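In the two complexes that follow, subunit A is the common piece, with subunit B as its partner first and subunit C second.
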Partner chain A sequence: MLVNGFVELKRDEVLETVKGRVEQGDDALKILDDARHAMTVVGDKFQEGTLFLAEMMLSAEIFKEVVTILQPGMDKARPSESIGKIVLATPKGDIHDLGKDIFATLLIAQGFDVHNLGVDVDPSKVVDTVREVKPDFVGFSALITTAFASMKKTTDILISEDLRGSFKLMVGGGVTNSVLKDHVGADFQTIDAMEGVSYCLKTMKEKNQ
Partner chain B sequence: MKIIGEKINGTLKLVRKAVEEKDEAFIQDLAKQQADAGAYWLDVNAGTLPEHEPDDLVWLVRTVQEVVDLPLCLDSANVEALKAAVKAVKKTPLINSISGESGRLEGVLPLVKDHDCEVIALAMDGNGIPADVESRLAVVKSLIAETRNAGISDDRIYIDPLVTALATGIQSGQVAFKTMEATRLEFPDVHFTMGLSNISFGLPERKVVNKTFLALAIAAGLDAPILDPLDRDLMEILLTSEMVLGNDNYCLNYIKAFREGKIGNKTDSK
Partner chain C sequence: MQKETMTSIERVECALNLEKPDRVPIWPDVTTSAAAALTDEKIWEITHQGFDAEQDLELKLFDEYGGWDAVNPALTADVFAVGGNKIIKATEESPEIQFVEGEWTKYEDYEIIAEIGWFQFVTDHLIYRVSDIKDKAEYDKLYGEVINGTLRGMAEYQKRGAFILYAQPNNHPFFTLSLARSMVKFTEDLFYRPEMVERALKKMTEEFIEFGLMLCEMANLKNTKVIEERAGGAIYPLRVFDRFWWPYTQQIVEAFHSRGIMSSFHLDTCWDKNLHYFKELPRKSAMIELDGTTNIFAAKDILRNHMCIASDIHPALMSLGKPEEVAAYCRKVIDEVGDDGGHILSTACGLPAAAKKENFIAMLETGKTYELSK
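Moving on, here comes the complex of A and B:
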């Protein structure tokens, strides 16, 4: 039911269904799980090209509204376990965020806890967030090469502060390549958001084994 | 209407390869084709790592200038690359670009002033691209205050109102148009430039979206589009829009393009 509503972008229908289930006393976490599953289906359809970006943006909006409806119920229940934590940033020197935000949306849909720091992000902000959040992944996104220097700088600080060992470093975006990956010592590089999501899922699976 | 030919851009795979391998013939072919198709400037963007970019951009400038006489649009966010390239150009270049981002203005503006260049000014600052017209206009105002302060006249400024994807914000087109309108009210002498393809990101049949957007943008004041002049569809829309808006006296440019086979059905034109 939720899956069809999401894929066909029937906002009202999805919200009615969710509200109805809440009123019937359905577990909020169970409903959220269904919504996440529906978003995964949407993400797959986006990847295969049958759904377009604008449609995925709308489904993400619907998902957000579902979460808002479920929030009171979830606060009462045990805190929801995310399947992994990631800190995302477009580093200092670049202000492009479209690719990064698509990646963030896909990750949220998969149940990741995403800390999206925005664009032109100072190394110190990344370092502080890593220290506070203790993420499984840190992702740098860039469309132009001016962000490379601060990527390197941020990574060097993370190493010198002894924080680098606790997460996988990912770089992504139009200008990234294997040379940059080696330059900053990243664990993964891609220009494809879904490939990045697959990497995160695979890594968490291995981690939890 | 002055077209900035966009094809020599190192963020495109084949161009990057040509820059890395110093393939002069490939670059010169792109330059000649765009010049023949009606470009006024040729954009040159090396797109390489910051430490190589000054040398690579100078190489591009020299390579292009061997075969065409057009002025160049020096496209880099790297001040050192712009500094090096501006010394290598034969004709006064258009610098792409300044913005309200920290460091960018301080580095680039003296270069524009000292070499009497024209310059593209992006309506954004260190916080990214402002969402609404008022904030973009505020950035434009502060940029023009700086260029005026540096003694650069308004008619040498090309404001890029910035185009974002309709797929992620349905007002993207309107915000760009209204930013131009609001800017022109305050600064009637400035020009307007923009890239077209961001508008259609994530949509099917992007070319249809791009060319429709071009027509509407020209009506809204765009007079220096960044585009591929070899794209027949776009050039048709551009010439026709100019004519319909009354900017092509006696329809001469339109008719000339027809005679040269640049518009209309390719096989029928004579």
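Moving on, here comes the complex of A and C:
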């Protein structure tokens, strides 16, 4: 039921179903797992080329509304275990967040614990968060080239603070390519949010084997 | 090395007409931020000196680096602001104009736009939501400065023998609404309640044509700009493209083409899935400018001998690459996209603020010498 609703963007139907299950006393975490499964199907269809970014984005919006409905029940329940931790930021000098926020929502839907630091983020904030959270991934998003220097500076500080070896570094966004990946010493680069999600899932799978 | 046999204007016209010029025409698509960086100026200081100072900055770049073939007058923050965009001007920490994504319009606004048109909606409502402009008189004053500054910039480039590719940036009605409403909300509107969006698009398309024709007539130009960064297959399924973008685009192109004006499409994001549509447009009625994410070589295969393509030196390559890498990419697109003409050597989505001087020089020198040396 939820899968079709997410794939076909039947927002009202999905939300009514979720509300109904909550009222009937269904476990919030079980409903969340179902919604996550539906988002996985959406992601698979995107990678197959049968769904487009706009549709995946709207599915993610539905997912966010589902989480809002489930939140009171989840607060009472045992904490949901994340499958990995990610710190995301648009570096200092760049205020664009559209792609990064879509990526963040897709990661949350897959069960990742996402620390989205927002836009125009100072290197020290990234470093402090990495030290505190101990993430599996750090992701930088950029839409303008002036963010490159800030990305590099942040990465250099992470190296000098001996933190860089503990996570995979990802760069993404319209102006990124392999040249930038090499410049900042990233492990992965993409302009495709779902490709980034797949990379995170694959990396965690390998890490946990 | 052979000598040049064409003027800049002849060279660009030749490429637009899908013929082979003496060498590839060069259009770096300069941004004010890049112009400042490449001339050792501080954009965050110049921006606050007014429109003329920004025009002069780009002219300084043109003169210092020996000029090139095709130009557009400076696209300053004010140019975009009068169009109803929420803009952050360049600062020392962030020396590029940035567009702020936000819900600057509400769903109810589509009905107002459909009734009174986009331009009046901007002056009556939107401008007060996205800028510090206090009243219509202040808006009109700023708009006057933009028009006069643009005309002055054009005159200066014409003195230098350059081809004016377009006068003002015109966002496609679809892109205009997406920027003003935010991409997520606009997409929800398209999928869940599209009727009012369509009414607004219809009205805005009529205005786009009317305004663009007026500008072309006023500035005596044979080209107009159509900016679209979101409608392509990287984001929307073809059924959305078919319903909300392509019919309005055909209407725009046909209206301009019937007056002998070419539409130049600034197409950001990947358009691989949409390229074949452009084959439906009348031959030589349009050109496309790609941003490095669309496969330009596939685009050439599809649109060969049908429309001119402006190539796409990637911003990361211009900013971080080596001059020999920039030169190698320029040679590749000159050989493969320009083999039979119909190619303008350009940058992807404009010359980036972080472009290195040596890379900019490599682009200009390769464009000016490669074919003449062969």
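Observations, loosely collected:
Going forward, the second predicted complex is superposed on the first by the 194 of 209 C-alpha atoms of A that agree within 3 Å, B and C clash if a C-alpha of one lies under 4 Å from a C-alpha of the other, contacts with A are read in each partner's own complex, and residues count from 1 in each chain.
As a convention for this text, a contact is a pair of C-beta atoms (placed from the backbone, for glycine too) under 8 Å apart; a residue touches a chain by one contact, two chains touch by 3 or more.
Source: prediction; values computed, not measured.
Residue contacts after overlaying the shared chain place A:61 against subunit C, while subunit B stays out of touching range. Looking at the superposed arrangement, the partner reaching more residues of subunit A, out of subunit B and subunit C, is C. Touch criterion met: A:176 reaches subunit C, while subunit B stays clear of it.
Of the two partner chains, subunit B is the only one that A:118 touches; subunit C does not reach it. Contacts of A:191 after superposition: subunit C is touched, whereas subunit B is not reached. Within the superposed three-chain model, A:26 lies out of touch with both subunit B and subunit C [touch as defined at top]. When the two complexes are overlaid on their common chain A, residue A:11 makes contact with subunit C while staying clear of subunit B.
When the two complexes are laid over each other on chain A, subunit A has residues 52-54, 57, 93, 95, 97-98, 120, 144-146, 148-149, 174-175, 179 in contact with both subunit B and subunit C. Those residues of subunit C that touch subunit A in the complex are listed here as 33, 88, 93-96, 98, 100-101, 183-184, 187-188, 190-192, 233-237, 240, 268-269, 291-293, 314-321, 349, 352-355. Those residues of subunit A that touch subunit C in the shared complex are 9, 11, 51-55, 57-58, 61, 92-98, 120, 144-146, 148-149, 174-177, 179-180, 183, 191. Put simply, subunit A touches subunit B in their complex at residues 52-54, 57, 93, 95, 97-98, 101, 118-120, 144-146, 148-149, 174-175, 179.
Residues 11, 47-50, 53, 77-78, 101, 124, 126-129, 164-168, 201-204 of subunit B are the ones touching subunit A in the complex.
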